[in-house]
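Per-chain numbering from 1; labels A, B, C, D and E assigned in written order.
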Amino acid sequence: MNGSPWFRAVLVAALAVTLLFLTLPVVAIFVDIPPADLLASLGEEGAVEALKLSLQTTVAALLIILAFGTPAAWLLATRRFRGRTVLVTLIELPLVLPPAVAGIALLAALGPGGILGGLLDSLGIRLVFETAGVVVALTFVASPFYIRQAQSAFEAIDPTLLQASRTLGAGEARTFGRIALPAARAGLLSGTALAWGRALGEFGATLVFAGSFRGITQTAPLAIVERFGSDFNSAIALSAVLVVASIVILLSAKYLSTSVGRGRDARI
Amino acid sequence: MNGSPWFRAVLVAALAVTLLFLTLPVVAIFVDIPPADLLASLGEEGAVEALKLSLQTTVAALLIILAFGTPAAWLLATRRFRGRTVLVTLIELPLVLPPAVAGIALLAALGPGGILGGLLDSLGIRLVFETAGVVVALTFVASPFYIRQAQSAFEAIDPTLLQASRTLGAGEARTFGRIALPAARAGLLSGTALAWGRALGEFGATLVFAGSFRGITQTAPLAIVERFGSDFNSAIALSAVLVVASIVILLSAKYLSTSVGRGRDARI
Amino acid sequence: MLEFEASTAFPGFDLDLKLEVAAGQCLALAGPSGAGKSTVLRIAAGLVRPDRGRVSCGGQVWYDSGRARDLAPERRRCGYVFQDYALFPHMNAWRNVAYGLREVPRRRRRALAVELLDRFEMADFADASPETLSGGERQRVALARAMGGGPEALLLDEPLSALDARTRARAARELSELLRSAEVPTLLVTHDFAEAARLGDRVAVVDGGRIVQLGSATDLASKPCSSFVADFTGAAVLTGNAGTGPLGLTSVLLDGCRAAISSTDTAQPGRVAASVYPWEITLLPETERSRGSAQNHLVAEVVSVTSLGARVRVGLDVGQPLSAEVTRVAAVELRLEPGRRVVATWKASATRIMEF
Amino acid sequence: MLEFEASTAFPGFDLDLKLEVAAGQCLALAGPSGAGKSTVLRIAAGLVRPDRGRVSCGGQVWYDSGRARDLAPERRRCGYVFQDYALFPHMNAWRNVAYGLREVPRRRRRALAVELLDRFEMADFADASPETLSGGERQRVALARAMGGGPEALLLDEPLSALDARTRARAARELSELLRSAEVPTLLVTHDFAEAARLGDRVAVVDGGRIVQLGSATDLASKPCSSFVADFTGAAVLTGNAGTGPLGLTSVLLDGCRAAISSTDTAQPGRVAASVYPWEITLLPETERSRGSAQNHLVAEVVSVTSLGARVRVGLDVGQPLSAEVTRVAAVELRLEPGRRVVATWKASATRIMEF
Amino acid sequence: GASGSDEVGDPLTVSAAASLTDAFPAYAESSNMSARFSFAGSDELAAQIRQGAPVDVFAAANSQLPDDLYAEGLVERPVVFATNSLVIAVPSDSEIQSLEDLAEPGIDLVTGTEDVPFGSYTRETLDRLPTALREPILANVRSEESDVKAAVGKLTQGAADAAFTYSSDVAVAADRLRAIRLPKEYRPDVAYGVVVVKGSGDLESARSFVVGLTSATGRSALRIAGFKAPPGG
């Protein structure tokens, strides 16, 4: 079912402009760093260290997001109650906070002097300036993306599958684990990819809440920013590396999800 | 169809923890400023000016995102071609760039010395230090959220509606405008809300690319960060205002979309 | 004249068939679920591109894999009624209809749309939104929408299947009127043979993406080429004029013969179609008359005798074609053979009447 | 014993009905689309909570709005077969079945699942994934799944509707065997009365969320309380033993009378159900015999005479109940009244046979 | 010399202005003190401390923030440990040679907001200028930035013609930027203040870290990084 040529032209144009606009800048920074610096920044052990920490902390944050966000999304998807829309909006709040403010907010809540500071302290939990703090900051900024996607993925499941599970003696828990999760897998994966992407790029909140200590809280974005204070080129070079790393991660997640997705289409 | 009490407890717990974790920090920063400052910061004309600029620039950015992102998403949703997954990932790139780097990237691409600098200059277009630049920066960071949502919203439309439109003599263009847009309205609205939220909170890219000048390029987040060093309270107070403003915006968009959503459920 | 020839393959299914429909004619595609009926319509309308083939209508070539020609659906202008009607949920009835009337100046559209709706007695629902309409009402809006803007061809995908028994009869009547007045070729998909016989000038039995048998309903009924077709073919249809008979019975004076048959169905006086299932017809020697409760007796000449296992399909001529199904035993007893004259008898309550 | 009493209201539809099914019995809910049949099953299984009502099974109260009791679906353990089977797409056949077998120790589950599949001749498909199965095969997997883990009650929502004509007959036979062996109450939803008569011990005709008439299939067929029910009720069912008759005909020696009837359908020797539509039956004075092609002649006593407009439903006793539909004319001619003896005659080709 | 007692126990937690990124690690190295550094904008770091972040030592790119924190009773008495000089940063290929050139119409000039160190000092400078020079220069200010890397970024990308920054910031992108020194009379002495944060877990080594900065080791490390010793030091 082919469209009229001119409209197809409009569509292609729009997509082209969008792509150009979103990718050209990324390309641009690549071109204006001498390749030498690119390699150098890779060799530099600080950079590798930062990338490693980024990977560790983002993965940790993702695990937390999955652990709490998935059931939360399931609840929002399967229950109808007053004020549901408000809850969904509250979950999106971290989006609108400027990163630095988000960091301050986290300090005010979980910092030593924060609302829960005393509690955490008595539990012997230290977050500020600790790797754990980075994970907390990443979780804070990245959750909304995952939860949103997960919610709509769950809402898209054919309800009779869930009902069938119930009549077969499976409680909601088992139904959730054995039926809902596999059925929503594609959506969950792409939500994970979005959240991961956001976490990989996170900077402001982490800096303010967890500080930027090499090997402890200095993730790749922080390492980049720190280099802005010493060597501009290596900062740019490092961001190039981060971008490539991110693309790889996102793409792999995406391919997984789409392949699963196709599986489900075929069935329908 | 009620679940077993313990699992329901788990769900509620997960949602509660998530909500607490995502909203407590926001609450926390507000409790420790005297309400007086809150009002004061509102009175302060710089703040109001910044909020107004934020509103103007985010709306402008949204219009651009809608204008280009919608057809782009439609194309991605209705066509199957090799490398489609790669395109979708490229569109997500702005997510993983640390804001500052995003700013540099924009400079490298659209700044006077950037790749397209000469072109823009010959067209008499100046972005850096201009309100237009803010709009560009916001568009860059916010587009991915809208485009993603729009794409899945379009993919969810019952294809026979689109086919019916075609057989009734409507080309793809008219089908898109008269059938697809209304049918996907709910999804498009919630995508708009997400993008809007992200744009309202944007800070780093704007500062680096467009700079920060009262009334021209200083949006609310920039104004907030500017106050950090000197007048901490008014900074927080201003963010409070920003958050409230955002909630209002997001909620209104949400209510629109869900009401539309209900409309469509009822039909099915 | 709609000429259709296409072959295409989907995973687990391939289609390969060729058919022609003259202007003003209706070809009914009948077949079981998954036979490929809807796919034929989708290809004709340009919604699916076949691997190979050629589709042309009214001399204009719509698709030709050889000459790499493929006209967009909107340029083919088929009046397409979808299996689930596919009314636009965000438009009320008249806007749904007006959607197809772009050549018409904007200010005259509403009037014309309502006019179209009125042809299907839906004018009162012009402002109703689809979700508030019943199945039957939706179907009529869909038809009005498909008829608007002068389609080159009509493609009807199971237009009656979504209706329950109570609304179906009436909808069928309205539809047959519509088809009689239409000047364009029509393809009608159904999986009920009686519906096909009632609405189609010719019937193509489709199975597994192929045409199993194509011909007039009576041919298929009297000379099925396979027992699948035989099982599939249902009632034979007789036409005539209805009048009121004794005790509330309807009596139908058949075309082509002076005889009348009666039915328990009620009908307005006027032209009607009376249908009777082959296995409901008993054949007697011409000399016989049953004095039982069976009301209908027609002298008939045997035209064809087709054996299907223990059953025998007997093609009859009673001034118009009729087919009966009897046992081999009876066929032997009655020495049925072409040219032999018999009496076909069946019950008034076995005679279903559909008004024209 | 399943006791069901519920009333609930949806926008544009409200349901209010009460019914009972004894253990080992099957109550068939028959009715047009949108009548509320599936909703009854959903309420019984606990998938939908009614506004008011009480549901209990085997003495255990499942739902009681009065005592605010509402047992979760998983604690009710109904064997539910959904209209579209709802097989889990990401599990192969045996895992679908094993899903319900949690009481069984893990290592024995596969064996038991395959055993269940075997009861429906699906053991060979144990490792097949749902999307590769045909409609009939899916239905059998769904049944095996529903039977696993010893359900308290069986809820079957149009278990045959998704099957095409060719697989339906066989599936119906298998299903009736299953129901005969089941010890739990069964609710079966269908919109085909013949199916209801074939599979249900009693039939409830449902329309608009209410029970219009409830009784044995023969009661409904011979004494329909409304013409809606009359239209709805189809073939009367006679039981007997099949044997081979002359020239490939099947002859059935009926229970309760020494007479035999013959059919063109083929069947294995053994117990069968033979169905014939009321309007296919001709009534003759007892003294008469038609020498026509009609093969079946049974002496019958008139039990009831119900007038439906121009038609008359005649309840007959031929050792087992049978109902005929004749015109008022014929009823008058034959002076039909309870106690009068007549001959019911119809054609072998009008006799459909279903094996037990 | 600094005490070596810091090898035992946790390393010091030092928050320092971004411009000290090179200087402090070198200092800690040479005076073998175990410390961990977090470099960021002075104001962000101050905000952290206000929120009770467990910092031992805070070194800002001005003396204002330390004084404020001291006034708020959050930190011990500030010590000025280095001075940086405010310069005009321009792209290496720029025609701009002097302060006067900044008055040319059409020049895009970037400064910091009055709240961030390099911004407040810029104001001092501009205030000292004769009105005839100040007005046109002020008119050329296109952006007041809270973050020096935003300014440096614009210069390196040729998006701005000149910016008032610290000389140390120019060193960051030495291959792309060039520093124009300000005439002595207009040059503010940019004092870097360092403070020991009250409630530090390890006041001892925190104080010794601060003291060490003004010692020979400290000075040499700072000098190498392009800082000058505080006046009267």
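Assume a residue touches a chain if its C-beta (ideal position, glycine included) is under 8 Å from a C-beta of that chain, and two chains touch if they have at least 3 such contacts.
In this text the structure is predicted, and so the values were computed from the model without any measurement.
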What are the mutual neighbours of chain A and chain E in this structure? B
Would you pick out the chains that touch chain A and also touch chain C? B, D
Could you let me know which interface, B-E or A-D, is made of more C-beta pairs in contact? B-E
Between chain B and chain A, is it the same set of residue numbers doing the touching on each side, over half shared, or a different set? same
Just grab the chain with the largest centre-to-centre distance to chain D, centres being mean Cα coordinates. E
Using mean CA coordinates as chain centres, what's the chain D-chain E distance in Å? 88
Whole-Å gap between the CA centroids of chain A and chain B: 16
Note: chain C sits from chain B at a C-alpha centroid distance in Å of 55
Touching at least 2 other chains, the residues of chain B are 1, 3-4, 100, 104, 108, 114, 163, 166, 171, 225, 228, 266
Send over the residues of chain C in touch with two or more other chains. 46-47, 72-74
Residues of chain E that touch at least two other chains are 44, 47, 149, 153
Within the complex, chain D is touched by chain C residues 32-34, 164-166, 231, 246-250, 262, 264, 266, 278-280, 282-285, 288, 290-295, 309-311, 325-334, 345, 347-350
In the complex, chain B residues that touch chain E: 100, 103-104, 107-108, 111-114, 117, 128-129, 207-208, 210-214, 217, 222, 225-232
Which residues of chain E touch chain A once you look at their complex with the stated criterion? 13, 15, 18-19, 21-22, 36-40, 44, 47-48, 51-54, 149, 152-153, 156, 172-173, 175-176
In the complex, the residues of chain B that touch chain A are 1, 3-4, 6-8, 10-12, 14-15, 17-19, 21-29, 31-32, 67-72, 74-76, 85-102, 104-106, 108-110, 114-116, 139-140, 143-144, 147-148, 152, 156, 163, 166, 171-173, 176, 193-194, 197-198, 200-204, 221, 224-225, 228, 235-236, 239, 242-243, 246-247, 250-251, 254-255, 258
Of all residues in chain A, which touch chain D in the complex? 158, 160-161, 163-171, 178-179, 182-183, 264, 266-267
